[in-house]
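Per-chain residue numbering starts at 1, and chain names A, B, C and D are given in the order in which the chains are listed.
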């Protein structure tokens, strides 16, 4: 989230689309109702009337997989009715930037598409530069090559009629949504868009989210109190594990993971560090070298020296352009390329796309280590219904992990609050905290390499891994993540700023000469010599904007609202004085309120310091499939793309095989999607094993309209089969008024929604909806297309 | 961090109330008069933690009596949840002593149809041995073009969102040191 | 000072946090449920479920709405259960709830039968001997008499529940109804202000009571009235009159008998 | 002791009339005990001032006692029927057979029972009208007790609350009816100055010939003497 949860209360309009916070984040929803109590409006756009929609001021239905069309219509509406926040757009986005005249868009494809490689040559997706190398701007935003005009042209095709024919949303509701939300384009109004996997889990997921960002930027809803792009993340520390980069493409703190092109830190920095020629652009990533070197120092300690390039080559390097994410991981496993698998607190046999195929893939492993509280479907794949255990040669270790009250440490919520957990009791039975398990395994591996040697032993034997023989102290590791000085750090006059061994107070003090360590630069400041900031418990709210700056710690640098510099005009005046997270006090040249992005006087720098332009991008060349989001149909769709000849995202990642066949609309005409229940958790181990939760939601089900049920002769509560080319599942039908058939370009299209929490293990068992979802990924992130695919339904 | 005894009752939620009645303001007056005061039948709690379900990050207070957790409810001082918890957070207590919970090391030999209970020592030694064997056998020092890559594609690591930050950091550090590139967690699914 | 639980159905999101928090606080055993085509479960109150959310789909003027109603003991002022309870295990507490002292309950079950809302349920301990205990929501009597809010109120994630002085609850509810009417919920109303002498639960509804499955006008049960106020007093009167008549008869007969008897007394 | 024996032999020979068979007496006393227990345990939940016996553990014990007694209560007439069927049916028939003698008894009852004046009281059968009325009430309320008792015992939850509450009301009305008669019955057999002998009939089965003559003259003549004389 750019802001945080309590900030919903500052909003005038809250738009939920591709999420269902009342269902999946109930305790966050009170801040939505708090806003509504103050007069705010709630818009919910969803294929069905959800628990969130039950509270909405305005609900509009939408067919799954058509979000960009919906948002494209919104962008067109804002631009054509001039409802954008003009000064914000002109000054704080690249709307006024002039784009390379060779850039073009034609029938669903941007300039530079290569159909053979299925990739873009992005050389024309660039700005026109002046002689100093600074992008040219037309501050009137009327030049046909300026971003705003290109955008207007791009979205001119997204008429209400077309959008309605694609999305199935009635035209009057489309207009009501557009009108209600664009009210927040006024400088003294703020709107938040809440989303979750309903936006991301599509073959166009990243573009979906970008379309939300574009709307928010046009309306001046980024960086202000009550205005945010609110990603509602699912698990209690999915934010922290993303920050700490349990991800193939990152190192902690969103540093890029090295590829084969990065043969040295110099190569690496050349590839990853953006540059700017604009003196007003702070271009924060220019500090990249400090963060990677400090991290290498944290990992390899004294063994990382200037002379060995801080042991940069001890880090593994990926093959260039190769994707190692969830889907290709299981494809590689199925191909027999992966021999050993360590899986901790995750259950892909239920949660993975095309789960049947992923379960089969597990059998190709030589060994698998599962650390869990429960015997999950993944841990027990070798004895699942329909397989012969004797045929499966995988050696499986199931390690009993400690629960959340049996260990201590910090977790990071979706609003980036890093909060400390205290230990209440010793682990039950023989269970052990994950830190203990990691330490025990690594100590043994290290001892073996020290004793016997082995392939490239240095990164293992020389790893800075001195956590003792027992349970590592979480506070010690927290301090390592925060970072310390390896020697006295002096200023120009020789005065010691940070003494050797002291904690680094903030990432501004990090260095690329080896004098500092820091496990994750964005967490620098969370455990300083002043103590454990994550354990702070001051819940006062002096600004009245629900910032709670004294509660726990917010990365980065306890900043509660990201890009908050955009909440004031270039002159330093808040867009809305009644809800200003930042105030510039000209008299003593200081900021008060939240921790300001950047620093210095208001007009000294541009507000979006993480972009090398210094402003937000309405034209975003970084994305794989184009600088403007464009509607494409899902890989499996019952409809023709009405906007271009490109039926699907031309860059979507597709693994088509016998175990991942495409379901054709002629045979499988119903749109399928998956979602969760408030009473259950993800792949279910944490809820299906709790009898109280099983009691309140005992079985998986499929929701469908009364019309579809009538067509298929299904009555409420009947057992039905939902199937497609990848599998079939049997569930209870919930026939409801809350879903209606969609009118898609004159044709009635049905949609069903499946609950995906269930599997074959634990206190409550049932079929897994993910047996039906495809191995198809978004072009940028390879996030699987869980939310829009095809199927058919019949009564058992 | 533990809260002081004097805040004990407060943690039970005297401060919670309906939205329209004003969150945060104490709104329960004392029970007086003739009617009996009923004894609290269990301890509310004084150890604070964060809920283990979604990413809202609600505060919880944990009541421990005789070394056992007897109660888990919302932390009323927590600025986001203000003492509230959804059905999952409210059921969290059932995780701890669940009969379904795995509390001993389980091992499944190749081709076997059952689990066997094993000691930690045996298991950790064997896992370490498997990691080393697999890594040594499949380590890629240079790619086919001769560029240094120092990676292992034969071992994959998955998970993280159930860890604390310190745990996931430690595992990531270990995984990268081992040369693992198939590194993934729940962010995508 | 009487208190009340405030239940704003326009804010409730039906998450069932209250159901589970209640089970957690009271350590109630899970019951076996099945999916029959609804989000609602358990489908009825029982000895191990004191509260539950009732789900209703309501379509009016082309708009489909999903209504959630937190259900459980309404803590009536004119509480039939209290009147029929022979052991005073059920009592109207001055805080405004009907308390239940489990130790006093002898399991007669009259409360469960007299309740106009069918709330109290019997926990059968021995089917043959009839050993049982009444169960129901008591607003978490141990919590509320110790300055805490009921477990369900405390846990309510959307803050649809509140617990405070009844006057304040009523005033808030009325303001809220006015507010909702302005927002277009023309059928918004307060439920519980006067019903059965005033309920301990005060609801803000956004649709007719029937759309939530609530009785429009709940009534004190006529049979309870007949039994408690007519039959039982009649029993005392009849027994008293009979006893008096027999005493009278004894004196009359004794006198008649003495008239025929000569009693000889021994010498002193 | 020997002088006593001598005295007895010198005294006039007393004639006793067998009024109740052993089975009848057993049935009566089982019924009596069961009824008393039922009444006592029932009263605990009827009368608030007795609630100390009804609460908690005590309540559970009295509830159990009530149910055990209920079984005995049902068992008594069954026992009667099984071990003394002829008397059972005779008594049953008598209870439902009302004639002018019963009218006569009713007309003279007050004078007789309050002032000891026999007046025009006709000779009575084995049961006089008062006893018949008592028996009838017992028979009817027995049925009501059993039906409503079973509803309350086993029907909770499976019958509608209205049926249950009607059962409670009817059970209580039956209690009231039987208690009033029980009071009268106890009074007559144990307290009433003229009727003390009737209690020995239930203990020993016999009454003196004089008592039988006075109170059940018709029965004595038709059922006892005639049988003896045969």
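Operating definition for what follows: contacts are C-beta pairs under 8 Å (C-beta built on N, C-alpha and C of every residue); 3 or more make two chains touch, one makes a residue touch a chain.
These figures come from a predicted structure and were not determined experimentally.
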item: Innermost chain by mean C-alpha position; value: B
item: Selected pair, greater C-beta contact count between A-B and B-C; value: A-B
item: Chain centre separation in whole Å, for chain D relative to chain A (CA means); value: 86
item: Rounded Å distance between chain B and chain D, as computed from the means of their C-alpha atoms; value: 73
item: Mean-CA-position distance for chain C and chain B (Å); value: 40
item: Rounded Å distance, chain A centre to chain B centre (Cα mean); value: 21
item: Multi-partner residues of chain A (at least 2 other chains); value: 26-27, 30, 33-34, 678-679, 691-693, 696
item: Where chain C touches two or more other chains at once, by residue number; value: 11, 15-17, 19-20, 23-24, 157-160
item: Overlap residues in chain B, where contacts from two or more other chains coincide; value: 19-20, 23, 72, 81-82, 84-89, 91
item: Which chain pairs touch, all of them; value: A-B, A-C, B-C, C-D
item: Chain D-touching residues of chain C, taken from the complex the two chains share; value: 86-89, 103-110, 112-115, 118, 122, 129-131, 221, 223-224, 226-227, 231-232, 234-235, 238-239, 242-243, 246, 249-250, 252-254, 256-257, 260
item: Chain B-touching residues of chain C, taken from the complex the two chains share; value: 1, 3, 6, 8, 11, 15-17, 19-21, 23-25, 27, 91, 93-95, 99, 101, 141-149, 151, 153-165, 168-169, 172, 175-176
item: List of chain A residues in touch with chain C within their complex; value: 22-23, 26-27, 29-30, 33-34, 49, 51-55, 57, 59, 677-679, 691-701, 716-718, 732-738, 740
item: Residue ranges of chain B in contact with chain C within the complex; value: 9, 12-14, 16-21, 23, 27-42, 44, 71-74, 76, 81-91, 93
item: Chain C-touching residues of chain D, taken from the complex the two chains share; value: 44-46, 48, 51, 54-56, 58-60, 62-64, 67, 113-117, 152-153, 156-157, 161-162, 164-166, 168-169, 172-173, 175-176, 179-180, 183-184, 187, 191-194
